[in-house]
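One chain, chain A, appears in both complexes that follow, with chain B as partner in the first and chain C in the second.
Up next is the complex of A and B:
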């Protein structure tokens, strides 16, 4: 497979194909609100899982704080629209910006740490968010305590207010936001940042000695990821209309993780495929009642052990053990170029060029 | 004055239980670099197993000594099985550390919800290990707390003996220090990984059993334990057994004083504040090394 020669890379093709397919679905399903609801959730979870995968699977930052960021975005937008009367559209933006701020703030100490330590600190954020939102400080900023937020206004355009009676407008707004969010991921992993991440993950000492400053990239990616995760949270809040700390329950956390594992971690757009499969499977398993999460938990173990490369790994026909996510074959400008100047510069240019390619 | 003595004794008592549980996590991380997310679920498993054998399910208790023996054996083999089926197959892959976290996280959710499905949402109580109370330094202390501390400390002493005075224990240390070197001298590293993992499951499950009469058994209790053991392990230095013991007593004491002065809701927040402080000043923990 040579991506450089084909006009549209395969991952973008899959991404556009899926969203193109989604875009025509309301023509058949607009009379089926249950199905439309599931599709809207698929697209929201695709954003959250996709951006989580960007930071975890590509940037290699083992963060467990993405659900917390999602909830922060949701609460921020909810509180601002209810208490301060700002437009829900601005609320979406504000949710994203506030989430990005929190994300960057967390990333600064986190990125100095290693693997499991980052997981600990970000999971700690997840764990203390619930008592915070329910507690005195949370109530003071308007989180509604244990009750949560009840009347989050829906989106509206001009005189038209979106409602749960007609899900088609919701569907297209979600589709737009979701597609844009995932397209950003595509752009990032195909930029030199994406290659820098792969370089750092494959061999950190080599990448560092080649002058790759992954810290800065990672902080920015943390911000971008948090922005879109928060935006998705805000969209979720306005769409559902009510919000409580139940979203912080570990079942959603697990579900989002399953999406990444099923789709293939670090294999864009695996998380999107995972979101589709897992959201539908979740609906299908509702009949299993209390055993639903037991089955999901066991499924995660089985998938991780048996097919750790996920569906995207299978689509990309990855063979063999120990093969990490693959890098796109792109000809890129060198990331590091140092030219020694001085006496001999005219005769012999001593040039260090590093281009990173993953076979 | 009396109140302070009470707080100190409470800190020592919970500190020793935490030490026993955190040591297991630190040991596994030091030897095999596995971060076990299902650690808390094994804690809960210890509690539920004790509840079953102490009369919760059948109505008749088989007594503490027999329960201890059965539960410890069961946890050991369950731990072995978990390592064999959920972690060992991942080792061949490059990104296996992350995959191991995923798979143990899946296991944790599976187990926790299985407890919920099997035993229901209500907390289970089990009879106390010892009744009565003793007088120490002018205050009255429940016999149970003294027993928890004494048993946990003897378990840690036993673990020290195992690690330093037995062949298997020395093999564990050898693998932790240098895996290749250990293999050259003929140590089967897979075996060492399996029994350290199983040992950790026994330690935390035993902790769950000891603390069950005090805190009751609930299907979600494990998460708190996981986070605390994690904080202690990071504070003491990932992979350092002695560091984990020191850290457990320091944090047990801090927790007791914070709970006394500010209220119990603050303990977790204070623990995290300490942890972040540690990360800034000394990221490798008290006794740990990077890597």
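Up next is the complex of A and C:
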């Protein structure tokens, strides 16, 4: 990462190129509502997967709570617009803010936890959300219980109300919010915040002793990613118009994970590429029914084996800009055998111990 | 003048007293060596000074009580450290490793968006340690010696008043050891930086230190100039052993 870089960086070019390409698609597809629907969902999932990747791939915080945050943003905006009559636009903002609040709350116990324990804690949020939304407290705040929210008002500008009959306005609003959300990720990872995230991810002890307040940056990354994830959730709620706890099912959770792996974790804008590929593949494979997940499983295995850093990792590595290019392969003469003895010396890398079989 | 005062600090891990009622002071500008058997509490002591552990007792640095501060705050007060097991930002190039120290390590309140100043600081440290030409190399690709240099560079980029170096030469060749110790000496001489160094290799430590302390089971058994410490009966008994050292 070179902060003082002057030419347009490749990741920004790819980001703008993809959104630019998407922006002209309605010219050909506006008569195809199914296709337009998929494009809108690509834009929404790009935000969720992208921000999930920001917290997991860049900041190294293994959170599994992002779908829950998405649903919280969706419900918050839905409830506020239905029950309190606020404008859906304000609802989007409120969804983001409330989600960010929950995100920051959940980040506090995570400060003292590491790795898999953060995953467990945040997944607990995911698990308790469904009974909460369906239960008495949920009904009291207007979640509609098991039925969920019906008739969430769509967005409107002036006298024009967005409708499912014409998805083009929906598409452009979603594209705008999606682009803004991902551009923020770009700005963050090229700023000192991004440097702090990577530093804490790579070595928490050195980061702390070099002056980084790890708590502060963990709270920041939870807050920022939760805001945009919640915003995307709110947008989703207003676009679909109905909302139930079905979104919390494992399907979406897994798809979002697959998007990140396919695109490349910690390889911006890999999650966007992943969102495009996986959303289209998901629609294309509807006919396969339950075998869909098997195919996705195979896809993940293939990606992990062939391009471990994902598609974006492969692109960056070719251009010599990747964060973790593969180490050059050692060519050992036939008489030399390598043994691993790194642990003994307390080091990370494996030392080569040379032993000669013939002398 | 004392830059660091450690007053009756104790660190318990369950029943074990890793550091037991330990007191000592470090003078400004000196190289202060710490040695002792494995498990004596040397690294634990570093973790206490740099705020990684909570403990009883008090540590005063530069007339500020740093006992309750967290690691990044202690860094901002002017203490930097290295680790026994190399810690680096392995996915970042050497220059960005230093940038972390230069940007976030700046003393409290002084952190600005002075990019030029940061760059200058980074360049100075890279030149000082002889890392030039390797600025853009990912630290995961460096050899052990350069990894240790880079870790030291991150610490120096924070512009510390006190540097803690934890067993820097483990795994290095004799030539590299000499080089590394030469660098530590140079840093101390040229910038007057106070350095506390933990090391097992007595030869290296005695050559470098103005004063040294031997600890065992968390207790101090000797603190004096290297010549006197090496002749100390208790030190020979518990640490050095009879024979060629005596």
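Here, the second predicted complex is superposed on the first by the 306 of 359 C-alpha atoms of A that agree within 3 Å, B and C clash if a C-alpha of one lies under 4 Å from a C-alpha of the other, contacts with A are read in each partner's own complex, and residues count from 1 in each chain.
Methods note: a residue touches a chain if its C-beta (ideal position, glycine included) is under 8 Å from a C-beta of that chain, and two chains touch if they have at least 3 such contacts.
Since this is a predicted model, take the numbers as computed values, not measurements.
Of the two partner chains, chain B is the only one that A:298 touches; chain C does not reach it. Touching more residues of chain A than its counterpart among chain B and chain C is B. Residue contacts after overlaying the shared chain place A:198 against chain C, while chain B stays out of touching range.
Contact with neither chain B nor chain C is seen for A:20 once the two complexes are overlaid on the shared chain.
Once the two complexes are laid over each other on the shared chain, residue contacts for A:265 go to chain B alone; chain C is not touched.
In the superposition on chain A, the residues of chain A contacted by chain B and by chain C overlap at 266, 323-324.
Of all the residues in chain C, the ones that touch chain A in their complex are 50, 52, 70-73, 75-76, 80-81, 83-92, 96, 99-101, 103-106, 115, 119, 138, 140-141, 144, 151, 154-155, 157-158, 170-171. Within the complex formed with chain A, the residues of chain B that make contact are 29, 35, 85-86, 89-90, 92-95, 97-99, 101-103, 105-114, 116-117, 223, 227, 230-231, 234, 238, 265, 268-269, 272, 275-276, 279-280, 283, 290. Against chain B, in their complex, chain A makes its touches with residues 56, 62, 109, 112-117, 119-121, 123-124, 127-128, 131, 135, 250-251, 254, 257-258, 261, 265-266, 290-294, 296-301, 304-305, 308, 321-324.
Chain A contributes residues 1, 3-4, 192, 195-196, 198-199, 201-203, 205-214, 266, 323-325, 327, 345-349 to its touches with chain C in the complex.
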